[in-house]
Each structure stands twice: as structure tokens, then as C-alpha cells.
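Below: a set of structures, written as C-alpha cells.
In what comes next, chain A is part of two complexes: it sits with chain B in the first one and with chain C in the second one.
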Partner chain A sequence: MRTKHVASFALLALAASTIAAGPAPRAGSVSGTVTFTGTPPKMMKIDMAKEPSCEKQHPTPVMTESVVTGPGSTLANVVVYVSAGDQPGPAPSATVRYDQKGCEYIPHVAVMHVGQPLEIYNNDQTSHNIHPLAKANPEWNKSQPAGSPPIKATYDKPEFIAVKCNVHPWMHGYFAVLATAHFATSDGNGKFTIPDLPPGKYTLIAWHERFGTQTQEVTVGESEAKADFVFKALPY
Partner chain B sequence: MGKLLALILAVITAVSAGVFIARVWWLPPDISVLGAGIDHQLGETMVASGVLFVVSQLVLALFVWQYADVGDNRPIKTFPGGATPMVVMATVLVGIEILVLTLVGTKVWAGIFLSPPDPNALHIDVQAEQFAYYFRYPGPDGKFGVPHPELIDDGNGNFFGLDPANDTTARDDIVSASLVVPVNRPVLLTLHAKDVGHAFYVPDLRIQQDFVPGLVIPLQFTATETVKKEIVCTQLCGLGHFNMRAYLEVKPPDQFAQWLTEQAAQ
Partner chain C sequence: MKRSNPVAVLVSGLGLCLLASGTAPLGAQEARVDGMQGNAGAGKQYYRRYCIGCHGKEGDGSGENAQWIDPRPRDFTIATFKCRSTPTGTLPTDADLFHAITRGFVTTNMPPWGPLTRQVRVDLVAYIKSFSPRWKTQGPGTPISIPAETPANMESILRGRELFQKMECWKCHGPAGHGDGPSASTLTDSKDNPIRPYNFSSGSRFKCGETNEDLYRIFMTGLDGTPMPSFADNIQPQDAWDLVHFLRTLQPLPTPEAAAWHAWLPAHAGELKPIGPDQGGQ
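Our next item is the complex of A and B:
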């Protein structure tokens, strides 16, 4: 009898909330291209001779990834996110995956919502010791021998966290922990799209690990809004 | 029982000495100019300490054989000549032996650590860190950029803390994860440690030297054979210590010059 009451209450509440919210407005999106002016620094060849199991996974040498450029002076690995204008929501339950493969971090920048579960995998035949250099969040480092289960973690405060491996000094990546679920990372052609953005006015921030941040106001209607970013690159 | 113990002592002594005499686990062949002196010194030390070891162990075995089963269980009240002179004499004798070995060995040691570097030596700067080595060559301008520890940025390949934006001599510095040197040319390494103590050990070169954070330690060698050998860390430096290594590649002069040109072109 009691169970039945609870169930009908829940149904009633659900119906009420649906009516109150009304039909969801059609979501728009923001897309654009990230480019740079000036001369970017030369990326360096990574020598993995001391870790043969990783070295043999790369027929061509791996380069450092702090500035990854694409055709037409485009810039990859730029995190574009909504910094003002959207409603705070719960953390997505989907797990963010971060891989250590061939003694590299994949992706180079992992973007996640505050509180979103993160899983770090070691796909290599060697030990890694991942060390996210968090400042606002607690800092830790964890050893992960070959074949270990993934390391699970979450971050409670928004922060861009540089990540390094205490065993392989060349390994370098970032965790971008954001207070919004609306973000995108520019691809190899500098392109990004932030989908599912309700119509409204937003402030966008584009972050690059070497060139800093750019801010832009954007108004999203029912169609696709545009926002291009231009960073100033310095060779050193 | 006492006779069995004496036999075991004698057998252990013979087997231990035999392992050294037969050179079962010996050092790899020497490939350096100074190695012969070190090997000679090592041999003298081995003979001096080996003879004493064998003699003292056999005397011990002899006494055990002779006196263990006499059936007299009374504790020893007196020691022939008294215990104090015996201990003093043993200490002085061992002390003299060590002192003589040190004095004799100083010549070889000083040849490595105290002689001024050869004016034609190839100067290579070394950075040791958890858990890798990096080697820096001055590049085409022949000058090293000034290192700034606060600028060290491993993820971006700046292992030495160079400042290419403001320091033009740093722009052409060559940084390698392998130590590549020309054969038969003196090499001068300057050792830096970024974080904790490490060591540079190449048994084939007969050199082993610690890195000490805050100190710049010079180390010289001349390789006499074209080889590829492992450089290993022999100071426990953290959880990745087991994996801290690099390669020494000794190349003919022309191949070395070619390698250097290739590196500079990058």
C-alpha cells in the first residue's frame, strides 16, 4: 500500500515538473576555427630510447605536443568552453577516459566537468606514474604497473591541470576541469563545435596551454552561431 | 661436529676464491683509456685482500678442526698475550693495509678526478632527473646556453631550463637522450642533478660517479672502441630507479660529425 503511494507521488511530481519546464527550446550550437598569427615554437623530437617497448610503437618519432598546428595556421588542442551565461547542471555520468599508450597521453588534453568520473588506463608494457600537478584540487601521483586496473579519479574544482609522468619525463598532458558541460576541443584543423546550447547570450573562453586564453561574447539562436579565435604565437 | 664446520669453512673459502681466480662474474672488457689503470689497481686490491681472506679463513678452519671437539667446556678466562694488544694489533695491521691500498690507488683516482680536462675534450653537459638522463651539446656556435632551473619544463622538452627567447647561445644547443661520442677523443661531462642524487655508471668505461643536486661535477673518459652500451643509475633515486638508463654510443669520428649535423638541423 505504502509503495503504491510513493510511486504515484513520484509520477505526479514528474508530470508537474514536465509541465512547469514546458517544451525544451530547440538547442543551437557554436562552432568556429582556432588560428594563430606569428611563428609558433618548433616542436621537439621525443627520444624514447630508454623505453624500447614504447619506442617500437612509433615507426616515426613522436614530437612534443604543446603547440599542435594544422593546415592554414590552425591550432589544435584548444579548449573552448562557456564561462558565463549557461545554467549550472549536474556532472555528466559518462566516464572520461585518459590513456597512456606508447608513453604518450591520449588525448593530449582531456576535458571534463567538475565531479565527472575520470579513468586513467595504462596500455603499455611498462610502469607509469601519473602525476597531475593540481593546485586548486588535491595533488597526487599514482604508480600504475603494466596490466594494472584503471585509476579512478574526480576533480571538485575547475582548473587546468598539467599532467606529467614521474617515470617518463617527456610525457605531458592536461586535464581541463570545467564548471560547464558545454565545451569542445579544436581538432587537427582547428575546428570545434559546442553542441546542444540553448538560445541565449554566452561568454566563451578559448584556452591554449602555451598561448593563454581568448574571450568572446556570442549569441546563440536556433541555428549555428560562429565564433573564431585567433591566438598570437611566439617562437620561444 | 667441529670437524664438519672446519671442512665447510674451508670449502666456502676455496669456492669464493675460485670464483674470483676463474673470473666467473668479472667486469666486461675495458673500452677506455683509463680503464687499464683501474683494472690494475682492482687486481692489486683483489690480491691483497684475497690473500688475507684465504689465509685468515683457513687459519680459522684449522683452529676449529684442532680445538672444537676437545671436550673441555670451561669458558676461556685468559687470552694469550691479553685481548687488548691483540685487538690493537689487528686494527693497526688492517689500517695499514687500507692506507697502503689508498695511497697506491690515489694515482689512478687522481688521473680521473684531479687532472685538468684535455684542451681538445668534447664538452657535454648532463642532466640527471627522475628517471632519465639528458645530454647537451653546445651546437654549431660552440657555446652552451645558460641554464635557468626555474625554466625547466620537461613536457615541452626543456630539460635544462634554457631560455632561447632571451639567450641566443641557447637556441642551437642540442639535447639528446643518448650519449653519443666520437671514439678515441677525450670527453668531459659536467654532471647536474635536477632533483635527487643519481649516478652515472658504465662498467665498460670503468667509471662510476654520483650526481649531487646543487653541484656541477666534472667527469672525464676516452672511449677506445665503437660500441653501444648501457648507462645505468646506481643510486636508489625513487620508484623508477630500476628504469633509469640511457645509452652510450661510441661512433667513428665521421659518423659522430654526421650525427651532430643531423641533430643540429632539427
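Our next item is the complex of A and C:
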């Protein structure tokens, strides 16, 4: 009796997988522009005089990056991701790379799937310490002298984690750990595209480190869906 | 297959619950230190008597005294602890927490609680662990292994001095270990409160102990929640003792390392390359 059940289940599963493996629905995408209203805070010049090996890599002073704006009141470094509506999948096996170069974090926001491998590189001639200030995930703090191998890490829970280097207090970045593989970061013109989304209804969240989050529902068909986000900027 | 009577299951389940509630309240956490078992239910009453004033009812470090205290009392709800035998980012062992309670934290408002009985302190460990859900889903990290201490001779001290330069310890602790490195004034802990790097010339005990082994553990595990990172990925275990031996020479204490250093230094001072970006220390 029990064996019979299992067998019929297996048949059913096989049938289902055959159907699913048929011609896959054409994947659509969501794209849009992130803008802001109001007055954003002024970014400050970073004085790297205490770290000459980094200072000399920058012919013009580096600015802080907590609010990076583009032409036409557009906003960069906004993480847009699917918060509801997509099927949970395994973490992508591709490694997310986070670089320390010229005493800056590149990219400013590293976006990754829960469980996705992360590698942190020190390209500088100075010692950094990587201190992601995680709360939902364990907080750790590791030194990385010049020339040492990359630090490998993964995060198990979705969280936006501020990253800092205590040796160089101007260094600030973020790890965006998401429970979805469908995400994008707005570029210098505020533009983003989330590719490869099967047709369906989704909830999108746009996150900015200073201005919080915006939520939007979107329906993806076989063509490109649009979703623009507008953040309210506060000067401080 | 024999079917169990659902009523019997219910009754025996109830009995178990009653039995359990007699010894420990529901959801109680336990602790074990050197064969002694601690119980959160028992720890709670001691916590409310001895700890609540600073660490608060919820264990979040916001007791009524907290506003007057610098550095701030530990927030147990995030389960991030400075003094561990385990790698950075992992939970400490019960013994680590027990030793922290016993030792207290020198230069802070946390006194040593050695006067409490061992049983009370182990019960407190169990109760402290009930404030964060991390203890329910994770075990403590595996304590780092510490090889036998190497001889504290001049060769070791000088190799340690090179590590102090190469690992850029001086960026925060200063070229001479006075806690006055170029980054020292900017340091904040993970709650954005200002924090000072240890000043070796103060000669005070370390927050996490006073032995060479404690010192070894401090820089290999890092002090989580503070700017002090773990160097476990960058310093080999056999080399770590060299750094320990050098760090001892920075303290005004009658240690064998300091004695060897001060006997050697007058005849060899000119041979030393200065520590720091350009000017000398020591």
C-alpha cells in the first residue's frame, strides 16, 4: 500500500517535471529609473592624508558616497529587488567580489543572494580591517594586511549590512543580502534592469542606505515592464 | 503496527510538561562549565538582583544606570561578545562567559563577580544566553587551538616587533603602544560609541585577561563588537607567540620579556628600524 503510494507520487512528479520542462515561458524584465525629490545632503571631500598610499591614487579628492546623485535628480546605488512573487531558488554559485582599492569600497553596495559566496579583496598597500556590522547575521571583524588572500564569507539571513574599516574611518559600504536572485542596482543615471523574470505579479522593493525603502507592485508580461521609484531626499 | 492510545499520549505528555516545569521553566537555557550545570530559571533571580541595574530587564544594556556609564553595558540581545576563545563571528563558550563574569572588565563599570558562588555564576551564564535567539539555533564556535608557548627570547621579541609593524597594529595602538595611533581618535564600537584602543604603557590588565595566553587569544580571535579585528587569517599560530612577547615589552611590567628587552636595547637601539609610517616609536 505504502510503496504503491510512493510509486504513484513519483509518476506524478515525473509528469509534472516533464510539463515544466516544456517550452519555458519567455522571461520578461523590469526596468526603471530612480529619482529623488527634495534636497539631498552634500557629500564631503574625504581627507586621506593619514594614508598616503591611498591618497596618491586619487588625483582629485574622493567624495563620500552615502548619497550619489546623477543628472536630472537621479539616484545611484539603490538596490531594487523582488520581495514577493518569485519562486525561491538556490543561491547562485557565482562569487560576489568586493574590492578595497584606494581606501574605497568597490562597489559601494555589494548585492548577493543568501548563501552566495562572497570574496573580499585588499588591493591596497595598506592594512584594512573588514568589519561588517551585521545584526541578524553574526558580526565578525577580520584584519587584511596588504597582499593577503581574499576573505571568503557567506551570509545566511537577508539583511542590509553596513561595512566599515576601523583603520580608515571614511570607508563605508554595504552588503545587501537578499532572499532572491532577482535584483539590480541603479547606476550613475539612476537606471536599473532586473532581467530574466518569468511573467507574473511581483512586489518590488527599492532600498537606499539614507532614504529607506519604497515598495511597488509590478506585472511582468513577455515584454519589458516599467517601475520607476521616487525617494524623498532629506538634507541630513 | 501497534497504535498508541491518543489519550495515553496526551496524559503522558502532560505529565512530562509538569515534570519539566518543576525543574526548569519552559524555554529555559542551560549552561555547563567544568561539569557544573547552570539553569536560566535560577539565573534570572540573580540577574535581577545583580545585573539588571546596568544590563536592563530585557538584557539589552539599557538598565537605569546605563545612561551614566561609559563604556556602555553589554547588550546581550545581539550576542556579540569581546572576550571569546572562539573565532570572530561565532558565539563564545559557556566558560568564556563564566570567566567574563568572574573577571569583570577592568577600566569599565563591570566589577569582578568572583564573590558570587560558582553555581550562581553558571546560572547567570544560562540566563544571559536566553536573551538572544542565536543561542537556540547555533552552538558556540570551536575554540582556537593555541600551541605551546615558544621561548620568550630576543629573537622572538624582534620577530614580534616586525609583525607589529607589518600588521599595522600601530595604526591604532600607536608606534610605542600608547594607544595614540593615527586612527585612534576616530574609533567607534559597533553601536557607534567612541572607544579607545588599549594603551600598553598604562600597564593595566587586558579586558580579556592578564596572561600571555589571554593576550594571544585577544588578537587571534578579535574583540567582537569593537574595532579590534581577528588576525587569525594573517598570523600563523607559531608566529603569534612572537607578537605576544613583543607586546609585553611595551608594558611597564616586570615581565621576562620586558627584562630581556631592556637589557638588550641600550647596546642595539641604533639597529632598530622605527615603527610607524616614518618616525620612530619606543
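The rule we apply is simple: the second predicted complex is superposed on the first by the 215 of 236 C-alpha atoms of A that agree within 3 Å, B and C clash if a C-alpha of one lies under 4 Å from a C-alpha of the other, contacts with A are read in each partner's own complex, and residues count from 1 in each chain.
Keep this in mind: a residue touches a chain if its C-beta (ideal position, glycine included) is under 8 Å from a C-beta of that chain, and two chains touch if they have at least 3 such contacts.
None of the values given here were measured: they were computed from a predicted structure.
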> Overlaying the two complexes on chain A, which is it for chain B and chain C: clash or fit?
Replying inline: clash
>> Let me test your reading of the model: by the given contact rule, A:236 touches which partner, first (chain B), second (chain C), both or neither?
In response: first
> Which partner does A:171 contact after superposing on A: first (chain B), second (chain C), both, neither?
Replying inline: first
> Which of the two partners, first being chain B and second being chain C, lies in contact with A:52: first, second, both, or neither?
Replying inline: second
>> Once chain A of both complexes is superposed, is A:142 in touch with chain B (first), chain C (second), both, or neither?
In response: second
> Thinking of the overlay built on chain A, is A:66 touched by chain B (first), by chain C (second), by both, or by neither?
Replying inline: first
> Between chain B (first) and chain C (second), which, if any, makes contact with A:151: first, second, both or neither?
Replying inline: second
> So, A:126: does it touch chain B (first), chain C (second), both, or neither?
Replying inline: both
>> To test your reading of the overlay: chain B has the stretches 24-32, 240-248 or 258-266, and exactly one clashes with chain C. Name it.
In response: 240-248
> Is there a shared patch on chain A that both chain B and chain C touch, and which residues make it up?
Replying inline: 50, 126-127, 129, 143, 166-169
> Which residues, counting only chain A, touch chain B once they are in their complex?
Replying inline: 44-51, 64, 66, 126-127, 129, 143, 162, 164, 166-173, 210, 234-236
>> For the complex, give me every residue of chain A touching chain C.
In response: 50, 52, 126-127, 129-131, 133, 135, 138-145, 148-149, 151, 166-169
>> For the complex, give me every residue of chain C touching chain A.
In response: 78, 80, 87-90, 134, 166-168, 171-172, 182-183, 186-188, 190, 222, 224-234, 277
> Which of the residues in chain B end up touching chain A in this complex?
Replying inline: 129-132, 154-157, 159, 163-165, 171, 175-178, 238-240, 243-247, 266
